[in-house]
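Each in structure tokens, the structures are laid out below.
There are two complexes below, and they share chain A, which is joined by chain B in the first and by chain C in the second.
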Partner chain A sequence: MGDLRAYAALGTAQLRSATSYRTSFLVELFGNMGATVFDVVTVLVLFRATPAVGGFSLREAVLIVGLSSAGFALADLTIGNVDRLKSYVRAGTLDAVLVRPLPALPQLLLMDLPVRKALRVVFGFVVLGLAVAANDIDWTPGRVLLMALTPIAAAAFFGSIFVISASLAFWWVDSGELGSAFTYGGRDFTSYPISVYGGWFRGLFAYALGFGFVAYQPALALLGRPDPLGLPAWSGYLSPLVALGAAALAAVVWRTGIRHYRSTGS
Partner chain B sequence: MDQRDASVPTISRISPFRASATTFGALIGSGFRRYATYRQATIAGTFTNIVFGFLRCYVLLAVAEEAVGQRPAGYDAGQLALYVWVGQGLLSVIGIWGWTELADRIRSGDIAADLLRPIAPVTGFLAADLGRALHAMMTRFGPPLLAGAVFFPLHTPARWQTVPLFAVSVILAVIICFGCRYVVNATAYWLQDARGPITLWTLGSGVLGGLYFPLRLFPQEVAVALWVATPLPSLLQTPLDVIAERDGPALQAGLVALQAVWAVVVLALAGLVQRRAERRLVVQGG
Partner chain C sequence: MIKMQDLQKHFTVRVKAGRLRRKKRTVAAVDGVNLTIERGEMVGYIGPNGAGKSTTLKMLTGVLTPSAGEVSVCGLAPVPQRTKLALRIGVVFGQRSQLWWDLPLHESFELLRHIYRVPAAEHAARLRRCRSLLDLDEFLDTPVRQLSLGQRMRGELTAALLHGPEVLFLDEPTIGLDVVSKQAVRAFLAELGATGDVTLVLTTHDLADIERLCERLVVIDHGRVVHDGSIEALHARYGSRRSLVADLEQPLPADFALPGTVLTAVTANGHRVTFSLESTTAAAAVAGLVAAVPVRDLSLLEPDIEDVVARLYTSP
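Presenting the complex of A and B:
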């Protein structure tokens, strides 16, 4: 109970500080939603030039981008700010977090909770809803369950990527934008049918790193389409398992990193 | 500390032009050296540029493959690939994102020290930014282009004037981008906290500058309106169209001329905003 109260205090303090410059906060709130809007607009603009991308029609592509955006926005809101870890490690302020009697990761997340990203989540789920309505999905109990689980699994997967790439700062403080290649890069990768990517690049991101199971494979399972790349029909249902695996790996990396951490000293 | 820092010459009364040129040059040098110290971040940033290059290039090539006549918005596959990879290289040269120095200094009150210097803030920050751009051009422009050339067939410029025009276009783009960022940051003089305008800038400059997709994919009227009414397409779209030879020689040169107009307008605007701000400025702090 005491823990929960402490977390709530951290969260509300963050909310108060974010809203203290009200104009800037409102602009940021809508500006951040705009970022997700533009991701979707990009897909629409590309389809102006062509009837199909990678063998997928606009409706199908919107389902993929909807799953990806909803999951990413959710992860970015709750876990995304862990990527500020490198500035804490550099400045030594992580020490203050570690001496408190609460686990470090939830504290870090609540200390920086980006309230300004809230509308992104709303928009991501609106796109997903429209995409589901636009596609003629043959609903079975399995598909209903998959539909409910996929955005959560996607968020868990992206969240794990955020934690793993932020943990890099424990070993390499000057890693700069490197993590973005996998967090924001992963979002861009999952926004399109993976059949557009070339051989080894697709192999690396989709199967070795697991991004193929965030939106593409579940979308195929929902649409009842065979995979043009040859994976069996049930592979879409693997996405929650892939997300669990990623979360377990992220936990191990985070713990190892925290143990590895040596303060900058004075 | 570097000894040269202490010997930056000030403007003298005897030869004012030469002295201010020396000062400007010294500030460019200091901007260059400042970014040259972040070597590891440079490597990490280059890696990220290359990953995004792959992502964008594959998507645009997939669009080209199934588009009518395989030329979406008038680019062939080689031109699209060149567009993406040169764009990834230019991203950090132009420096669209992440510059909040002026806004931070206004908020903290450090701007007071800048106002005491014998050089106007717009000029001083511009010189430092040119130094930053020079460093980025030498370190971060080449690798993405090389990666692109290894993995994709790139369009090779055929006209003699393309490369010189591209060089001019990049310099103008750096100046325009600096001016825009200056104005956006300067809103902190009025708002104290420029996060909102900076968010809008980050958002608009990427999409309407041509980073995510060529603006020619928009309906033609929209693309022309953006070019004429906003400086944003002059940031990336123009240099990229110049190097990819998307248009005939006349339009190619015309776009660069339009950039020159925007460079003058945006710098003048930055100067105007700065002067207005100085009249009402109350420095924060005790």
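Presenting the complex of A and C:
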């Protein structure tokens, strides 16, 4: 309970810091929405050229991009700023975080909670809502539950990717934008039906790394469509488990990484 | 309160060897430190740049994981019990801020109250004390980014003390401060140490900090402790002597010798002489000198700790 109050205090402090530069805060708030809008617009543009992509209609594809965008925006808002870690590691400012009586990761996340990204989440969920309305989904209790859990599981999955790629900085200070290949690359990957990808590439990202379970498989389960790639119908319900697995892996990587933190000379 | 047993920290450094190849090299930043610090002690930790002072402090505070050896602070293991330990220690890193850059100073203090879960009454009492001792009132409402370094450091000290820590670690608390701010910080720490409840460990390059504050001095070089004891013990060990400086009415006779002393300097056309007191008392030397030649003025100089330490750093 005491911890919660401490986190709340940290969060509001960050909010007050951000709004102390009022104009730039507003500019960023709206500027940031652009990125998510473009993801969705790209899909819409694609379907102007062809009526079906990878065997999926526009309505179905929007459900996939909606699940992916909502989950990613949620993860980006809450956990995405962990990619600032590399600058903290380089400058050694993580020291100040580590001498406080709270776990390091939540502190880091709250220390610069990117409130400016809040509108992206709103947009992601609006798209998801429209997609749900546009598709004729046969609502069973299982599907209702899946619908509620999938954006959260997607956020947890992307959040884990954020944490893992940020943790690289503990071993490799110049990790640069390598992590972005998996975070933003992963988001782009999950925005389309995975049937459009070929061979080993699909095998690696969709199944081995689990990106196929973020939006594609749950979307199939929601729509009640058989998987053109042959996975059984229940595989869409695996997405929360896949997210849990990713989160567990991220926790291990983070803990190991923080023991490798080297600080800097002062 | 603090125990270190054969404490070591190694860093792997990759050195360029050819266009793409990198050679791995292991550097021991802290190389087997054994120290025990009791409750209420004030210990000054000095050493040249890169000697391992900050690295040691970071291992004591749970920031860095030791490569080998044992360490305990307040009976806790710093890294595995980091958050528990954080409630019982205060840390001031001279070059890392604990404060919120964009918020007024008093808001940082309020935040720390929540983070450390300090009861409001205790917090208010400690803050009141710091406010009067460190003159915080005039800039409590100023955003931290607009504070001068001296003001910020006073804020950092307060921030480190609001939860009533048992041990206070200070990494170069006076670095970059002007003389007045340095004195303010020292006076505050002296007052804090005098109560005897707080164990104080500070690293510094300013030996005046040590002379003013610490009975115990630990000198570290190349990751090892090369001296552990009082400042007097350091002088005795390195043969530092007091010296007698005299202004004379007339130059010293050529064959003059003062028993138990060595003549180390003659300046001002032979009118000013300096003797190093090797094996005699100041009183005997003064008496001997006055009896031999007319003396206008006399002064006695304490050995300069800077010289001693400089010698310590450069000796292999």
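Quick note on the criterion: the second predicted complex is superposed on the first by the 264 of 266 C-alpha atoms of A that agree within 3 Å, B and C clash if a C-alpha of one lies under 4 Å from a C-alpha of the other, contacts with A are read in each partner's own complex, and residues count from 1 in each chain.
Throughout what follows, contacts are C-beta pairs under 8 Å (C-beta built on N, C-alpha and C of every residue); 3 or more make two chains touch, one makes a residue touch a chain.
Predicted model, so just to flag it, every value in this text is computed and none were measured.
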After the chain A overlay, clash or fit between chain B and chain C? fit
After the superposition on A, what does A:Gly54 contact: first (chain B), second (chain C), both or neither? first
Touched partner set for A:Trp234, first chain B, second chain C, both or neither: neither
If we overlay the two complexes on their shared chain A, which of chain B and chain C does A:Phe189 touch? Say first, second, both or neither. first
Geometry of the superposed three-chain model: angle at chain A (Cα centres of chain B and chain C, steps of 10 degrees): 80
When both partners are placed on the shared chain, which of chain B and chain C touches more of chain A: B
According to the stated criteria, A:Ser180 is in contact with first (chain B), second (chain C), both, or neither; which is it? first
Examine A:Leu46 and indicate which partner it touches, taking first as chain B and second as chain C; both and neither are also allowed. first
First, second, both or neither for A:Gly198, with chain B first and chain C second: first
Now for A:Trp139: first (chain B), second (chain C), both, or neither, which partner does it touch? neither
With both complexes superposed on chain A, which partner does A:Leu26 reach: first (chain B), second (chain C), both or neither? first
Once both complexes sit on top of each other, what is the least C-alpha distance from chain B to chain C, rounded to whole angstrom? 10
Let me check the overlay on chain A: which residues of chain A are in contact with chain B and also with chain C? 21
Can you tell me which positions in chain C touch chain A when the two form their complex? 11, 49-50, 54-55, 58, 61-65, 79, 82-84, 86-87, 89, 91, 93-98, 100-103, 107, 110-111, 114-117, 143, 171-172
Sites on chain B touched by chain A in the complex: 38, 40-42, 44-45, 47-48, 51-52, 54-56, 58-64, 66-68, 72-73, 151, 191-197, 199-200, 202-203, 206-207, 212-213, 217-218
Across the complex, what residues on chain A touch chain B? 21, 23-28, 31-32, 34-35, 38, 41-42, 45-46, 48-54, 116, 172, 174-178, 180-182, 185, 188-189, 192, 195-198, 201
Would you pull the chain A residues touching chain C in the complex into a rising list? 2, 5-6, 8-10, 13, 16-17, 20-21, 92-96, 98-103, 259-263, 265-266
